[in-house]
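Presented below are the structures under discussion, each in the form of structure tokens.
Shared between the two complexes below is chain A, which has chain B as its partner in the first and chain C in the second.
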Partner chain A sequence: MELDVSTRDDGIAVVVPRGRLNMVSARQLKETLSDLVAGGSARIVVDLGETTFLDSSGLGALIGGLKAARQAGGDLRVARPTPAVVSVFELTNLDRVLRARESVETAFDA
Partner chain B sequence: MPEGAGGRGEEAGRPAVLDELAAAPHRLVLSAVADPEVMDLVHSMLEHLFTHNPQVSDPVRVKFEMSVIEILGNIVEHAYAHDSALPAVDPSEARRFEIQLLATDREVVATLSDNGMPVSLDLGDLSMPDELAESGRGLALAASALDTLWFERVEGRNHWCLACNLG
Partner chain C sequence: MGRSQVVGGVEDERRQRAVDGLGLAETGSHPRLDRITRLACLALDVPMSAVTVLDRGRAWFPSAAGFEPGSMQAEDTFCVTTLAEDATEPLAVVDAHADPRFQDLPVVHDGVNAYVGLPLRDHTGTPVATFCVFDTKPRELTPEQREAFEDLAAWAERELVASTEMQQASRVQASLLPSRPVRVGEWDVDGLCLPALAVGGDFYDYEVSGGVLHVSLGDVMGKGTGAALIGAATRTALRSTSSAVSAGVDLGVTVTHVARSMLDDLERAESFVTLIDLALDLESGIARYVDAGSGLLLLVRADGTPVRLSGRDRPLGILPDDHWEEVEVELRTGDRLVLFSDGVLDLLEDPDDWPRAVGSWVAEADDLPSFLTAMARTATEETPLDDITVVAVFRQGVKEIG
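Moving on to the complex of A and B:
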């Protein structure tokens, strides 16, 4: 998995995991999200449009990032999930906690 | 509710497909050290299986791949928990696992076995943890995605059988 991280002009951090988000790559995602929050970026969008696989480790990293962001007064939102990702959200009933947004640009609009 | 999840896994019936698997010429088999780096190799095996078995629909592929990787992740984690507790592990005694994959016209099947620690689990009681929990979903996730999830421990080895029905 490759992980792209950027920060927009409005201060929102955008994280793009490309490829498989499994036990190995979830650690990398968890650290990246934790570093962002520690560095003052508590509003984060995770763009899942290029995440081809997600398991419980990847979910754990997303939930960990969500909690850290909220504790710092921000939020973590997920956008553009692929069918593989949506399937796992639904099986775990986490589609309400990790409500999928249609686009990265508007993920923090509502 | 998957087969094998109705009671304790070791008391549930042995899936009949295991006999078919042993004799199937198109089954894929890998034996390797149970470390995290091997996960990508198993993803590639699944990709190969699906490429050659177009009868397996995309939704079934997603559920099956996720379940196989969850169980393999469980094996790797247990292997590491055991080996890291030892002062020095002889490479010849490293934890190994074997995986077999097969797709038929009726189902897609995986068996996994390993020489790891006894796994203590009750396949009849796999519930999702609190929604903000960061771990503990793996087996529950596999159980909800599969039609068959079966486990037994025989002669020091853990044996898993996973299957999704087609159609």
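Moving on to the complex of A and C:
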């Protein structure tokens, strides 16, 4: 998995995990998310448009990031999840906590 | 004689207990050790390498490269001396034919001439085995080779001890599963759990009390030892609700109680648990269940129609103020119910279409044992990456007379 991190002009951090988000790569995502929150970026969009696979560890990294972001007064939102990822969100009934946003740009609009 | 001290006496008794504690199977293969002995032959340019265990006066080889491992008298080995000297430096024999300690050993008559061996110790420091290499011509290892030999020996020691601890953990975890199927009246209940690693994050449990069957199947985030510890704790918390469950207390209440008691632990471990908790009244066939983010609960009606059962509740450990709700369904004559973990989805060509695929496995099985046997066979063939757990509850059909 590759992981791109950038910060937009409005201060929102955008994280793009590319490829398979499994036990090994989830650790990397988790660290990236907690570093962002610790560094003051508590508003995070995770762009899942190129995430081909997500297992429970990957889900754990997203939930961990969400909790940390909310504790710091921000939020974590997920954008453009692939069908494989959507089905994991639905199966685990986490589709309301991790509500899929249509685009990275508008993820924090509502 | 120095050698006889290793095949008798107090030291030997302690070592023997430690060897027994390794739980190595003399008949089984040990691929993790085989990797190291094979590499030793390559790296040190020797024809033979082995991990040797001295066991009740005999020597046998959990791993051997370059020769057919049999068993021999302990006193006929170089390794008995390596263990007796119990040194931290390797025992190096350059030319056994010229060494009065070894020139009469049968293996030396058979052509072995050079030997290097080092004791391998368990976590208490007791020497339990040796790592050794042999050559047919007199020789000495170069300093580089000797360093490589010690590295390989340290690796073998770690594998020997680690695999032992994991085997024990694996046995303990297996012992936490129900020990036998349930057969009460028209009902058959059984399950299987195949961890992807030595231990896993899946667990299941069932028991019958007061005419109520209480079944749970959980899947802890991740795999391996950490997940197994959380799984064992969750199982215990669920067990503690059994008397309330058989007394008819709403499962939404009991699961919420379990979730509250687990929350701190789950938050600290940064983990969560998906769960199906189910109570079945064996008299009426009414099942009540909570689906905590599992979604993998399938009812296959007597005519073979798969009905997906699921709730809308989240896993345990996600939100601190979450709550869970009970859902009801009736199991009629001939109906079959299966609960499973998401590792099963890895076995399917199209995981999104799982109700149809799993439904046909369930419907086509003659009975519960043959269903689980077929599942286990499929799982073993596919070498799954995730833990695989299945629990099935079958209500027997009326036998057709014809």
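The rule is short, and it goes like this: the second predicted complex is superposed on the first by the 110 of 110 C-alpha atoms of A that agree within 3 Å, B and C clash if a C-alpha of one lies under 4 Å from a C-alpha of the other, contacts with A are read in each partner's own complex, and residues count from 1 in each chain.
Operating definition for what follows: a contact is a pair of C-beta atoms (placed from the backbone, for glycine too) under 8 Å apart; a residue touches a chain by one contact, two chains touch by 3 or more.
All of these numbers come straight from a predicted model, not from anything done at the bench.
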For this session: With everything superposed onto chain A, say whether chain B and chain C fit together or clash.
Result: clash
Exercise. Should A:87 be classified as contacting the first partner (chain B), the second (chain C), both, or neither?
Worked result: both
Problem set entry | Partner chain(s) touched by A:100 [first = chain B, second = chain C, both, neither] | neither
For this session: Have a look at where A:23 lands relative to chain B and chain C in the superposition and call it first, second, both or neither.
Result: both
Problem set entry | Which of chain B and chain C A:5 touches, first, second, both or neither | neither
For this session: Check whether A:57 is in contact with chain B, with chain C, with both or with neither, and answer first, second, both or neither.
Result: both
Seminar exercise, completed: The chain contacting more residues of chain A, comparing chain B with chain C, is B
Exercise. Counting only touches as set out at the top, which of chain B and chain C does A:72 meet: first, second, both, neither?
Worked result: neither
Seminar exercise, completed: Of the listed chain C stretches (61-69, 97-105, 151-159 or 241-249), the one clashing with chain B is 151-159
Exercise. If you lay the two complexes on top of each other, which residues of chain A touch chain B in one and chain C in the other?
Worked result: 23, 55-57, 59-60, 63-64, 67, 83, 87, 91-94, 97
Seminar exercise, completed: Note: in the complex, chain A contacts chain C through residues 23, 30, 55-57, 59-60, 63-64, 67, 83, 87, 90-94, 97
Exercise. In their complex, what parts of chain A are in touch with chain B?
Worked result: 20, 22-24, 53-57, 59-61, 63-64, 66-67, 83-84, 87-88, 91-94, 96-97
Exercise. Where on chain B is chain A touching in the complex?
Worked result: 36-37, 39-40, 43, 58-59, 62-63, 65-66, 69-70, 73, 76-77, 128, 131-135, 137-138, 140-141, 144-145
Exercise. Along chain C, where are the residues that touch chain A in the complex?
Worked result: 219, 221-223, 267, 270-272, 274, 291-296, 310-315, 318-319, 342, 351-352, 386
